[in-house]
Structure formats: structure tokens, C-alpha cells
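Heads up, the next two complexes both have chain A, just with different partners, chain B and then chain C.
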Partner chain A sequence: MDVLKRFSNRFKASLPAYLLLLPSLVFLALFTYGAMGRVLVDALYQRATPKAPVRFVGLDNISAVLADPAFTGAVVNNLVYAVGTAIPSIGLALLFALALARTNAVSSALRAALFLPVLIPMVAASALFMFIFLPNVGLLDYYIGRLLPVLPNWLGDPDVALYAIMIITIWKNAGYYMLFFLAGLQAVPEDVMEAAHLDGAGPYRRLRHIILPELKPTFLFVIVIATLNAVTQVDHVFVMTQGGPSNSTNLVLFYIYQQAVEHYDVGKASAATLLTLAALMGLTALSFRTMANREGGP
Partner chain B sequence: MKLFDRLFRDAPLATRGEITPKLGILLTVLLAIVWLIPFLWMIVATLRPASDGINAMAELMPSLKPTLDNVRDAWEIGDFPRYTLNTTFICAGILLVQFVTITLAGFAFARLNFVGKTPIFYLFLMQLMLVPVLLIVPNLSLVAQLGLYDTLTGVMMPFFASAFGTFLMRQAFEAIPTELEDAALIDGASLLQRIRHIYVPLSMPSFSAFAIISVTSHWNDFLWPLMVINSPDKRPLTVGLSVFTKTAEGTQAWGTIAAGTLMVIAPLLVTFLIFQKRFISSFVTSGIK
Partner chain C sequence: MLFSRRLMLGLAMAGSFASALAFPALAGEGPTEIDLFFPVPVDGKLARDMGTLIKEFNEGHPDIKATAVYTGSYDDTLIKTRAAIKAGKPPSAVIMSANFLLDMQIENELTNLDALIKADGTTKEQFLGQFFPALQGNAVINRSVYGVPFHNSTPLLYINADKAKEAGLDPEKPPQTWAELTDWAKKLTKREGDKVTQWGIAIPCAYDYCGWMMETLTMSNGGRYYNEEFGGEVYYDTPSMLGALTWWNDLIYKHKVHTPGATPGPAVSTSFISGNAAMMMLSTGSLTYVRDNAKFNYKVAFIPHNVRNAVPIGGASLIMPAGLEAEKQKAAWTLIKWMTSPEKSGWWSRATGYFAPNMAAYKTPDMVDFLNKNPDAKTAVEQLDVAKPWFATYKTVPVRKNLEDEVMLVLNGKKQPKEALAAAQKAADETLKPYNAETSLKLP
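On to the complex of A and B.
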């Protein structure tokens, strides 16, 4: 009785907090956790035709997705896309941050210039790059094409198109990641830097032994965001290539969209979503401590 | 070299002679110019008369006979005022609801002790990774079940709770000295009154930082509204622009596309250029929206 009473007292004391959290929890329950539950259930069912009743098919959707060359192709593309956008944009971001770490009028202007692409919608960036990559009359061919013996068809050649798409992502994200490195560089102690160059350490050694170790948490954080972006930021594929030519720019989220909206195959779309979520949960587990620390712990 | 001297004015004396940092700056300047080229082209192409022909379309030198024809065409072909209104409505609606949800939840995490605080904290934290765009398929069916398919409310709903905003407000509220609240407590102020009259007014910088992140990210949302919205007159700017681009691409009207793109991004760019410092510091706190 006593235990029960103590428990109900503690619950009563917690009630105001629950009421304050309720609005947020309702929407989290509906659109995040409920949605995950629905994905799990939907992935187990299938309709023979869009109008037919659903029937339980177990893991059939999962195996159908895994056997679909369009899906495995999209996964491979997405891995190439993730690595090929994360490494150059993070490398450039670090360069920009190191070069612009000192605040003055010139560096503020350069920071703003490099940050502009972050602000604009991916759809607008796509509209601009559609012309940049346009064969023969486009910006790239007009200026650089004269230097090349054979002009690649940037968006039309299955071997090139994914790389063209990657360029847009790098252009759009490098300035964003730069901000985190700029913030991280503030934490590098000035007196240690000074001591290092008094000891005769050149710029490379100061970078290697002082700056980079100090930036380790920033790197971890930016890598997580870059990976998330590689999965979620696919608007340019919709606008520019529709996954083509011959599926060479098909990415996982676009595949999911195609299954759900173009083929009305909710079972397969849910199975693909489930696999993507599982992969991201793995990443979450890896980065959870970093994120929890960043948000100040529970 | 005068410029370099000025840039390194506050660098330690011994490092001013080093070459590598200067090469880094030079490379960054070159890349910053490359980074701006798409914007430069957009402006030049917007002002270029159609009579210059398709072969001069890529020329970055501005035309000597600038015209606003492209802007007029884009204005007439695309329904941009309507799209802008829809996007504004979506962003404002999301933001207003978010302000309420994140203030209440942020306060609970900052100032109250309750059973299950740690698991609930992690429930919020997980949402940072489970970005709504990944859950488009189940959320579309939910929105349809709620009868909100093809409505702007349906576009807004998945974003009403924000873990990022909750954490931001928690941080802001924690920094407010409890003495202020104690004084109000003695005066008999209720919980909601204390939040409304003490915590909220003292946390305006965090609200504005959150507003910047929320509005820019939802101004730019594309995939989700594309799936929820069916009627042309309910399209937000991004969806409208993609449809407009498809149409104009068929006729090779690149000047019109440039003008349309300019109209879509101009509001954000102008606001950014005015409040540059604020934008940048807000984005630093964002990380994951």
C-alpha cells in the first residue's frame, strides 16, 4: 500500500510536466513513432492490385525489395553519393574555416558568399544547375568545354550523371559544414598555438597535432549530418534526372517515392523505408552519445 | 600584398611570414568566386533579352540591353504570388504551433523533475535522426486518413513537434536565474503565467534563432508537399518552381527559368543579407533540424 501511495504521489508531482510535454508527445507519437510502427506493419502486408484487399505476406516485401535490382542499385548509388559528397564537402568546409577563422570585413564577406547556397531550396539550385550542365550551350560547356576534346553529357551519360548530381550537393553543403568548423576552431586555445609556433612547429604540424585533434567532436558531428543529408536530401534527383539515365542517379529515398506514388506499392515502399531506417538507427546508435552530450544530457 | 598584411594584422608576429595560410586564403577566394557563379549567371540571364539567342545564354558578361521581359514572363506563366502566399502560410503555421509546443516541452525539461525524464528525453533525441522526410510513406497515409490530403494543414502537421526547438528552449530556460521565478511564485503566479511572463520574454534570442532555422528549412521543403498537395493552387514555391521549370525547359526559356528562380530565392537572400550575423549564429546552433 505504501509503495503504491508513494508511486501515485510521485506521479501526481510529475503531472504538470506531463501536461506540458503532451502537445509535443502527441505529434511525436503520430508522425514519428506511430509512423515507424505503421511502416513495420505496412511492410508485412501486400495488395495484389491497388484495389484488392490487403493480405499478410510476412517478409515477402522485404525479400522482394532486396531482390529488386533497382533497390540494390539505389543503395549502391546512395553509398557512392554519401562518400563522394561527404568527403569533398567536409574537406572544403575545413579549408574554408581555416582560411576564414580570423574575423574581418573580407573574411565575413567570403563566409557569406560560401554560405549563400545553404539558404536556397534544393529545387532552385537544381533549376540553376540544369542550365549549368546543359549540353553544348550550358555554362559548363560554354566556358570549360573549349578545353576538353570530347564534351561529356553531364546529366545524360549514366557514367557521369551521379557525379554531376554530387557536385550540386557539395556546392550546397560545404558552406554549412564550414560554420561548424568555424565554431570548433574557436575552441582551439590561442596560447597553445602560440607556444607551438614558438617551438618551431610550422602550419602543417600545428594543423596535424593541435587543430585536428581539437576538432574531433566537430568532425564526428558533421559526418553524422552529412550522412543524414546524403539519405534525405534528394530533391535535385526529382527535378533533374528522375533517377535516370537508366537508374544511374536513383537514390534510396527516390526509390521509396517511386514505389509509393508511381507504383502504388505501399508494401514495398514500407519495406524499403524499414531497411533505410534500420541502417540509420545503426548510425544513431554510433552517434547517440555525441548527440546526447551536445544537447546537454538528459 | 598589402591586403595580406591587413588580413594577418592580428596573427602572431612569427607566423606572418608563412606561405601556407596565404595559399589557403587564395584558394578560398578562388572557390568563393566559383561558388557565386550560379548566382551571377541567374542575375545576368534574368536581365538578358531573348533576342541575344540561345548561344549567348551562358555568357556571364551582362547584356548591354538589359530587360525585365523575363521577370514579366515568369510572373505571368508561373503563379508565383499564389505560391508565395502558400509557402508563407505553411511556414507561419508551422512556426506558431512549434512556438507553443517547444516552449512547454522545453520548460518541462529545463525546470521540472518527473518520473521517466530520461526515457522521454531520449524519445525526443531520437527524433533528430528520424527526420520526417524519411517517413513520408506512413505519414502520407495518416494525413489521408485524417482527411487532410491536399490541404496546407496536412503539409504542416508532421513538423508541429520539434526536438531541436525543444532542446534549444531548454537551454535558454536553464540559463534564466531561478530567483526571478521564485519572486513570481511568492506573488502567486501560476506555472503558465511564469512561463508566459518570465521565461518567454527573456528567451527572445533563442526564439528568433529557432524561427530562422524553422522558416528557412520549411521554405525549402519539397518532397513532402509534393506528395501531399494535388491542386495547383495549393502548391508551395518549391513545388511551383519545379513545375514551372519543367514547362519552361521544354521551350528552352532559360532566361525565364532564371527569373523564376530569382523570384523564389530573393526573399530568403534579402533577409539573409540584412540579418547575416543572426542567420549564421542560428545555423551554428542548428546542426539537425
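On to the complex of A and C.
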């Protein structure tokens, strides 16, 4: 009885809060959870032949996706892409942030310059890079062509295309991650740095033993963001390669698009979406838990 | 009657969402409102031209209010049309890539136009007879009309006439066979040591374009890409396609007159405009771009042949999605007929660079005048005599991609033509399997 009363009291107390949250909850339900629910349902249905009715197939769609070499290829490409874009762009971002940590006129101008690629929409940037990468006549070949006799067909060679795409991502994201590191550097305690200075610690030791440990939460956060970007940003694949040549730049999200649109196979597209969502949610939960532990919990 | 219409108008103007949702039938008392989905595959100016065209239509037809909705590329237009059909609000007419029609018909997404043609008192033969015969294959499925050709193209050979003269070749006598073309390309390739400073020829290969070029080369080698009568078969592993791909491969690795790898369409046209490639094979749709940008004399010619002169068509047709209300269907049919009439067809052709599908368009004074000023636009029309339909199968895009992925490997020197085509055939047969299961292999 007492428990019930306490519960109802608590509910009464928080009722206004729920009421205030209601509009957002409605929209979340409609546009986020509703869509996810629909994907979940769609992933369980399939039709055997074009004119046959849609019927319940359970997990068949998921196993069909897992057995599809195009999907496994896309997953491998995506892993290479995620690692190959996250590490260099985070490394560059840290380097930029360390170099430009002190605010003065020059560093502000440089920060703005490094941040500029973030402001350019990915589609516009891809269209620009398409012309930079043009074989024989593009800007890149025009300059490097003077040094090397034979150049790769940047976007037309399956061995090179994924790396060409990765260069754009790194160029575009490094400036963005730099912002987080700049913010993180502000949080490094001034007195600790000063003490290290007095104790005769050189720049390398200060970086290794003070700055980097202090930046750990920032690192974790940026890694999560970079991984999410690697899965959700495929605008340049759409514009520049359409996943080609020979599927060499096909990423998971583009694979889903292909299944839904080109193959007109909603079941397989939904199944692939579910798998991706599960992987991303698992990864995010894991990272944020690690982060919370390091911070000492909320 | 008048009063009630006014009342309705007043109600509609009040902008009440609920009334519009609850009484959709009553809304039909005003002018019939129809949507036209249109893609812009070439450049941004087309959107403005389309606006002009639709405005003119609305002024001439007070009982219909057509709205042109820009829907992106050909592929995007298919996606948006399908989404609109699924949402229960199909557009009344769509300018659809001509090789998507069969796939849509198989999915029951198209309105059969036979009844509308009959209601006009014309026979199917009379109706189709207005259009170039080459375009009819992509508009007719199982002897029923499902699309009306709107703007079309064929591939052409573009030649940098200045460079040809420089190399001692006569641009007035363009190469007509693969042997001649190979010879021209060799003479037009310039090298400095290992480095090629000017390529003899460029042929585009990116998804979509690559399949179309393979169809072009296969046809001029005597072959067929697919079964024109039945959407469940493609002919990838055949001598005619093997010859086509081997020749393309030879241009790269044996004669070394074509840049290695897969080159997308914009890269090919830029390469040609900048003088880096002396010849290219590209759509007639690029003619306006070349005319406006080339700082040299150029010449366009038929695609050279090995066995026979033949090329596929490209471009788009006007279609009506399935499940339209009778009134909208009627209004959309009026719009479609108006847009494909000789005058409008010709006007659109001059604005865009596509050729006009309606043969009578070329007899209008404006068109005669235009062709006299731009004789290069004539080549595309003349080549129509040897043109054939664009490949269209069940799941056209994935089936095409099954071939393109393998062709790209060949152009990059990673596979030999023979094994690539065998792999492409196997993959395509797999993609086509469900359709065959309910058609050709569904036995009593």
C-alpha cells in the first residue's frame, strides 16, 4: 500500500515533466521509432516471384543478406573506410588543435581555414572532387603528372577508388574533429601544465603524460562520431562512384539503397538496415559506457 | 451549379485540411489538377524550359491545371514515382527513362494506354506511326502501348576535326568500321616516352553509361544485348558481345589508344573538350554541351561498325502510373498528347539537344531552319534509321550492373573478356531467376 502510494506520489510529481515531454515523444514515436518499427516488420516479409503476394518469411531476409557477397563486400569496404578515415582525420585534428591551441590572429585565421571544408555540403564537395580526380586532365593529375609518368585512374580503378573517396572524407572531417580537440584542450588544467613545466618536462613528455590522458573523453567521443560518420555519410559515393567500379566503393548504406531502389527488394533492404542499426547501437552503447566509467559515472 | 462551385472554391481557399482529406471527390469540380514528374538528366536549364512548356499548356487548357514537379535524375524519378504510388497519391504523368517501363509494367505500376488511344478514334498503328520506328520497342509491351516517346538520344562518335587534320586524316570522311576507327585512334594518340599526352579515343564506363556502350558495341558487332520480346533473358556470354568487349580491351591494352580503367561520362566529355582525347563515343544528349564549349572544329559521325551499323536508343517516355482516377487520367492524356505533338516536340528538342521522337517535328519550319544552322544535329536523326530499342528486362538496373561490374574489371586489366562475360551471364541469370520461375519456366 505504502509502495503504491509512494509510486503515485512520484508519478504526480513528475506528471508535468511528462506532459512537457509529450510533444517530443509524439514526434519521436512518429518519425524515429515508428520508422524503426516499420523496418522491423518489413524485414520479416518477402515475395518469392514478382507477381506473388508478400508473405512472412521470418529471418530468411537476414540470412539472405548475410549470404550476399555484395553485402559482405560492403561491410569489408566499410570497415576499411571507417578505420582508414577515422585514424588519419583524428590524428590530423589533434595535430591542428595542438598547433592552434593558443588564440591569436594567425591561429584564428588558420582555424577558420581548416574548418572551411566542414561548411561545404558533401554533395558540392564531391562534385568538385570529381573534377579534381579526373584522369589526365584533373587538377591532381595536372600537378602530380609532372612528377610521375603514369598515374592511376583515381575513381575508375577498383584498387584506388576507395582510397580516393577516403581522402575526401578526411579532408572534410578533420576540421570538424579539430573543434572538439580545441574544446578538450581548454579543459587541460593550467596548474598541472605549469607544474610539469617547472619540473622540467619537455613538450613530448607533457603531451604524453598530461595532455593525452586529459583528452581521453574527447578521443572517445570523436571516435564514436567518426565511426557513425563512416556509416551514415555516403553522399560522395552517390555522387562520384555509385559504389563502383565493380563494387569497390560500395558501403553498407549504399548497399541498402541499392536493395531498396535498384532491386526493389524492401525485405532485404530492411534486413540490412536492421543489421546495421544493431551494430551501430551496440558500438555506441559500448563507447558511451566506457566513457561513463572513465568519467567516474554520472 | 455555379454557386456550388464558388462555394467549393471558397471552402478550398479556406485551406481546410480536413475538407480536402474528407471530400477528395468534390475537389474535382474545379480545373482538374494533375502533377507531372520530370527528371533533368543533362543540365539545370531544362527545369526552366519545362516551366515555360507547362505554363503554355495551362494557358491553352483552362479546365486542366498541370504542375511540373522536378524529381532529380532518372533513377530518382523512378524512386519518387514508386514512393508516390505506394503512398496512394501517384502523379498523373511521369517522364520516365525509357528502359524502366518494362520493369514497372511487370510490377503492375503502369496504365495501359490502349483504351485511351482507342477512345480518341485512332488505331494503335496510327498512334505509334507518328514516332520513329526505333522508339516504339521501348513504348510497347506485349503489344500494348505503355509509354509515349518524349525525348530520345543515340550514341555518336565525336571527332576533334583539327587534330584529325593535324594527323593527316580527313574529318569529312570519318571512320566507318572498327578497323578504320582503330587506325584513326592509333594515329591520333601522342606519346612522350611512357606518358600519353593525347589519347586516340575515349569511351565512357560508369554505371548506366557502361551498359549502354556495351549494347552499342555489341549491336554494331551484329549482336543483341537482350531478348526484345521477353524480359527474362540477356545475351552476355555470346560471340558478338565477346568481340565487342575484346575490342574495347584491345584499344586499352593492345593498341594503347584508350586510357585504362573505367571513365565516367563527364570525364570523357571534359577530356574531349580539353583536347586530351581526340575522339569519343557519347550520347547525342551531349551535343549541345560540345557545341557550346569546344574551342576547336568538331565533327559527329555514326558509331563505326564491325558487322553492321546499329545503335541503341536512350532517353525517356511519358507514362501514366496505374491507379489514377478517370478524370486525372483524361487530363494527363491531354497533356501527354500535347507535349508529344510535332510543334512542342520540336521546341523541346531545340531547347535540350535530344532529338524529337515525333517524325512530323522535322517538317515544321522552325526545325528545318534549326537543322540548316546546325547540321551536326542531323546526324543523330539520320542514325535513327539503324537504331533499335534500349535494353529493358525484369530488374533492368541490377541485370545491367551484373554486366557492368565485370566490364569494369576488364577495362582495369583484372580479368579477361571471356571469363568476365561468363561471370556476368551467370550473375544475370541468377537475378532474372524469379521472373523466369513465373513465366518461361512455369510449366503446366
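By our rule, the second predicted complex is superposed on the first by the 266 of 298 C-alpha atoms of A that agree within 3 Å, B and C clash if a C-alpha of one lies under 4 Å from a C-alpha of the other, contacts with A are read in each partner's own complex, and residues count from 1 in each chain.
Methods note: a contact is a pair of C-beta atoms (placed from the backbone, for glycine too) under 8 Å apart; a residue touches a chain by one contact, two chains touch by 3 or more.
On a predicted model such as this, the values are computed, not experimentally measured, just so you know.
Q: Taking the superposition as given, does A:P158 touch the first partner, chain B, the second, chain C, both, or neither?
A: It touches chain C, and chain B stays clear.
Q: Check the residue A:V261 against both partner chains and state whether it touches chain B (first), chain C (second), both, or neither.
A: both
Q: Identify the partner contact of A:F131: answer first if only chain B is touched, second if only chain C is, both if each is, neither if none is.
A: After superposition on chain A, A:F131 lies in contact with both partners, chain B and chain C.
Q: Spot which of chain B and chain C makes contact with more residues of chain A, would you?
A: Touched residues of chain A are more numerous for B.
Q: So in the superposed three-chain picture, is A:V123 touching just chain B, just chain C, both, or none of them (first/second/both/neither)?
A: First partner only, chain B.
Q: By the touch definition at the top of the document, which applies to A:W171: first (chain B), second (chain C), both, or neither?
A: first
Q: Considering only touches as defined above, state whether A:A35 meets chain B (first), chain C (second), both or neither.
A: first
Q: Please write out, lowest number first, the residues of chain A touched by both chain B and chain C across the two complexes.
A: In chain A, residues 130-131, 134, 137, 261 are touched by chain B and also by chain C.
Q: Which bits of chain A are touching chain C when the two form their complex?
A: Those residues of chain A that touch chain C are 48-52, 130-131, 134-137, 145, 149-150, 152-153, 155-159, 241-247, 258, 261-264.
Q: Spell out the residues on chain C that touch chain A in their complex, using ranges where they run on.
A: 75, 78-79, 82, 103, 106-108, 193-196, 199, 205-207, 259-264, 266-267, 270-271, 274, 276, 394-395, 397-398, 401, 404-406, 408-409, 411-412, 414, 434-435, 437-438
Q: Of all residues in chain B, which touch chain A in the complex?
A: 3, 6-12, 14-15, 18, 20-21, 24-25, 27-29, 31-32, 35-39, 41-42, 45, 54-55, 57-60, 100-102, 104-105, 107-108, 112-118, 120-142, 157-158, 160-163, 166-167, 170-171, 174, 191, 216, 219-220, 222-223, 226-227, 237-239, 241-242, 245, 249, 254, 257-258, 260-261, 264-265, 268-269, 272-273, 276, 279-280, 283-284, 287-288
Q: In their shared complex, at which residues does chain A touch chain B?
A: Residue positions touching the partner: 10-11, 13-14, 16-18, 20-21, 23-28, 30-36, 38-39, 42, 92, 95-96, 98-100, 102, 104, 106-108, 110-132, 134, 137-139, 141-143, 171, 175-176, 179-180, 182-183, 193-194, 197-198, 202-204, 221, 224-225, 228, 231-232, 234-235, 238-239, 253, 256-257, 260-261, 266, 269-270, 273, 276-277, 280-281, 283-284, 288, 291-292, 294-296, 298.
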